[in-house]
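The letters A, B, C and D name the chains in turn, as written, and every chain counts its residues from 1.
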């Protein structure tokens, strides 16, 4: 269905070329100052047309809050919101009405539901993620009271990989370049690659890394709703995501216990810490107070500005070439979405954990 | 919490050294022949003491079904079950009462709940997964009517990787060796590595690959409950799991759209297929009828049969050396658990999808 | 929280004097013709200002569908909707900012959330029920394919009770009078009573009876989600509702088994029926194919157009007299709300039941 | 399905003549002293064979806790439990295999699931409620820390009604007689009626009233999960329950606002109270700190020790006469079940409310 979370819940609706995108945040803690400018800034980080690395679609993506806020503060009642769609050139998609685009959701949606809104991908468009950014922005506002920080960044585009561990960088620098990579030199190489791929009518994949710091010990609800299982599901639900790992992640498969175990120690302030963080901040499905470190793998965008063979709704061969406007690499715009889903997950677990 | 699934739900309970492990399967389709031998065989695939590659703990792991079955068939009412614990040598764990083992859940559970059953890891023991195997076995019995097959196998141990794609192997051969790898020669190398690691008092990680074939098109509930997001959460909830990916997965980050798109064609029988399966059987969060192919990364077991520095509950330095019996590599016994979680996920989505 | 249902889910938002009321219907079956005129008619049945028996507040209550519909049909994706508030005279409520009205939710909301939107009752206003009517109208559209009929009517106002069993009336006549009672003569007496009560600045309670016919056998999910338990919760969640019963209901407490048992027989068409329907269409928590018959008790509206003693937010004595516009009896406008909640409940169970 | 609650969840399983009844309590607060004697006492209040007013079936109903408790305290992990069935004379039910008993669930279960365990009513037997009593007993243990009291009693049997409001009685006296009525004289009349009905092979209905005192202000989650809506669903899910109301309940339908409004005042201790409690402790779906007062209506048991006409599974006429052992009136044994469901509801809302 279209709802994320338990005590803090985001429900989204909207098609790419429909009237509006929107949603409901239920369970917003009451009394939180609702900084609308901040929400809009978060939306702006995701919106199209930010740079030559992203789609040329122009959208204001202006948020309207419809409820749940009184005199600048959340009341604890549900926050309804909408963002009207404006620059939708549905005619660009007329050729898609009876065609299944490769590696898109056209075929699966048509088969499951028996009909679909083909315009701009309809419900399957990544435009849906703007609702998640709004939900995430509200969660971030609530998390301010806890001094929890969530920061994501581009750590890989194609074969260009951020060379050092995240602790070697000032992550806030990610927002100073269009790729959202904290290392300026790597960012430049990534941008060059994206431009080259784009010029070839092609697309490229990448990885977003997320860091959550300041978490209390014990978030997560074992054994089914482990912190990283729920976080993983949140990430895997993002368009084009094909993988998720935490801490040492897939590289843990190659490691020995003697090198991967995180040894405990007590710091001068009396806090229990670990000397390494191969666990990625989660042990036994519960946060351990160290940074949560996770990676989210994105495939290249399936829409290509070049001709591809495919089939139509009758199963007959045909060809397709995108006329719409699309991102050559989804990763830079996925960064705020990853943060949003992390914020929603964290706040939900935080509220659930208050019962203890 | 301790429940998986929506219309088909597994709730589990039990501590490693408590009276019993057990659970409830709610939503079992009625009229399914309950083959108790099959359930026991599935349990036997997971149970300890199968070979020199696994822990020496001896458990019959004999299942008792308490309800929901009448004259050999499921009635649609909840199936309660228990497996009594027998060979628990709790004294082996007395030294753990006031100590936090590195990269285990002792510290996080103690902090979250304020107390814990330390014996054998209590609730955090991987022994909990036997309940999942039972739930999965019941799901597999229900899936027989759909001709859906679920097969997992060991594809990596340490740096030893199954060399060819899964389609090159007869996957049923996985069960002919203790490692559960479909290639006998690779299996032998993996076994040798595990024995060497074990002899050094160390442990090693690995990867389980899962294949689900015979799925109808359209399983999954977008956008929050995409097929691979829910499947990923199910896998990430398994003890020691640190990563999940589907299809091209993390390698998709390096790829271009032009090489990763799965082109559609219509086969001679009139079925819509794809020429490649980089999507791993899921497009737009819905199954597309191709094999679902996913990987699950496991870290090395944290318990080492060698001395490690750590801290006690007061935060003071101490050392620890396991006296209990533990697996040098979790992967061979994780194979049936991966299958079980896949079966639970598939059946649940199948039942949900029946409304269309 | 603010969500009803499982596979068919309605989430609502909005405050009485906020920007808009609205919601999301998730799980709408795909391919259903979306008759917007019908939805608007249902809304009109609930809207204020219909007659001299209801509040004088004037609202167009014009629905805007924002998503989930393509070329006149539902697509299976979530349907977002809003109804903008227009005739809100928030100044009428300035005197309520620091006062707790008797038998209203001011005190409980203020205590729970620490703040509240006091204007027109904010979230606690019965205006929220218009969102339910929209959700119910969508459910009714989907139920057309099943030939299931849902009809509610006013069966009691104060001490004036509809004299005969519902089968003695043409229920469609309920909509021919402002009270929504199927018997014209009783309706006139009820209207007279409401006018008299209104003229005294007072309010009066009543009962709505609901009939659901055409249901298949077996709806409901025992033992926790019995049909009538879920239906009861749906009704009890309606503003001012204080009681729910089904079939013989509270009168069953006085009866003997020998007089209350519904004896089975097979009719000429071979259908299994019952000679009486004291069960109210539900046995063992599952529908039995007979009409579901239930009653919903509403208390008199708490807002009085006369002075009442109360306390302010500091707990000091004060008095209050409503300046807003209010219904002297909630029952006539509750009829479409009862139908809506019944439709949502039925469709949800119907979809869940498809798995069998 | 078979699960009650959200953060505090009870899942039950078991058939009347199966191996065992049982369940899982998930979300038990950690650190609660688990008084097994108290749980057994609660079970004993519900068990058959207590007096000549109840069924003659003999069951020890001995509880076995299987997990979630360590050194006498709850650990926060799920508590699995079983009660083995002993005195099941399944042969008494052989005649029911192919017959649908009037006003029982035989027909609806058979139709929904296609098969059923007919022995003793199988899953539909009220024996299932013993699992609820166990869940409720655990909830009561957790509620001890909050000084919340839950007390139910028999307020009506047939046409014999407890004459005065509950505040006129010492409710603890309910446990001094077999009927569980706080007024000895009324209890005696009720007992006489039940005995007479029993001697005639008939059964009789009744009402249980529940009182919850000591609740904080603000429990309940509007608008869907109002306190009394969830409480109502919990009660309506109990076998033979046909109605629920709160506070003035159905009598509110006859009342005027001027007589039903509960006027606020501040008591000497500075607490905000109401002079009357027609609201039954709930306003706007949230508890207001006054006693929650509710009624639960039970129909007469459908099983009669006299011959009744009915049909068999082929729809042919036949007759039936119970050979099993049954209660002539369910109400005395329903009292602890009502308390249990109330305790589960209260604890769940209390835990959810902690997030504020």
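Everything that follows uses one rule, which is that a residue touches a chain if its C-beta (ideal position, glycine included) is under 8 Å from a C-beta of that chain, and two chains touch if they have at least 3 such contacts.
Keep in mind that this is a model prediction, so the values were computed, not measured.
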Exercise. If we look at chain C and chain D, which chains touch each of them?
Worked result: A, B
Problem set entry | Of A-D and B-D, pair with higher C-beta contact tally | B-D
Problem set entry | Between chain B and chain A, distance of the C-alpha-averaged centres to the nearest whole Å | 27
Exercise. Once you find the CA centre of chain B and the CA centre of chain D, what distance in Å lies between them?
Worked result: 39
Exercise. What whole-number Å value describes the gap between the mean CA coordinates of chain A and chain D?
Worked result: 46
Seminar exercise, completed: Touching two or more other chains in chain B are residues 1-3, 12, 30, 76-77, 112-114, 123, 222, 356
Exercise. Within the complex, which stretch of chain A touches chain B?
Worked result: 1-4, 12, 100, 102-105, 107-109, 111-114, 123-124, 128, 156-159, 197, 202-207, 217-218, 221-226, 228-230, 232-234, 236-237, 242-250, 252-258, 260-266, 270, 272, 274, 278-280, 283-288, 295, 297-304, 306, 308-311, 315-317, 353, 356
Exercise. Chain B touches which residues of chain D in the complex?
Worked result: 1-3, 9, 11-15, 18-24, 26-27, 30-31, 64-68, 70, 73, 75-80, 82, 112-117, 122-123
Exercise. Tell me, which parts of chain B touch chain C in their complex?
Worked result: 6-7, 29-30, 76-77, 222, 351-352, 354-356
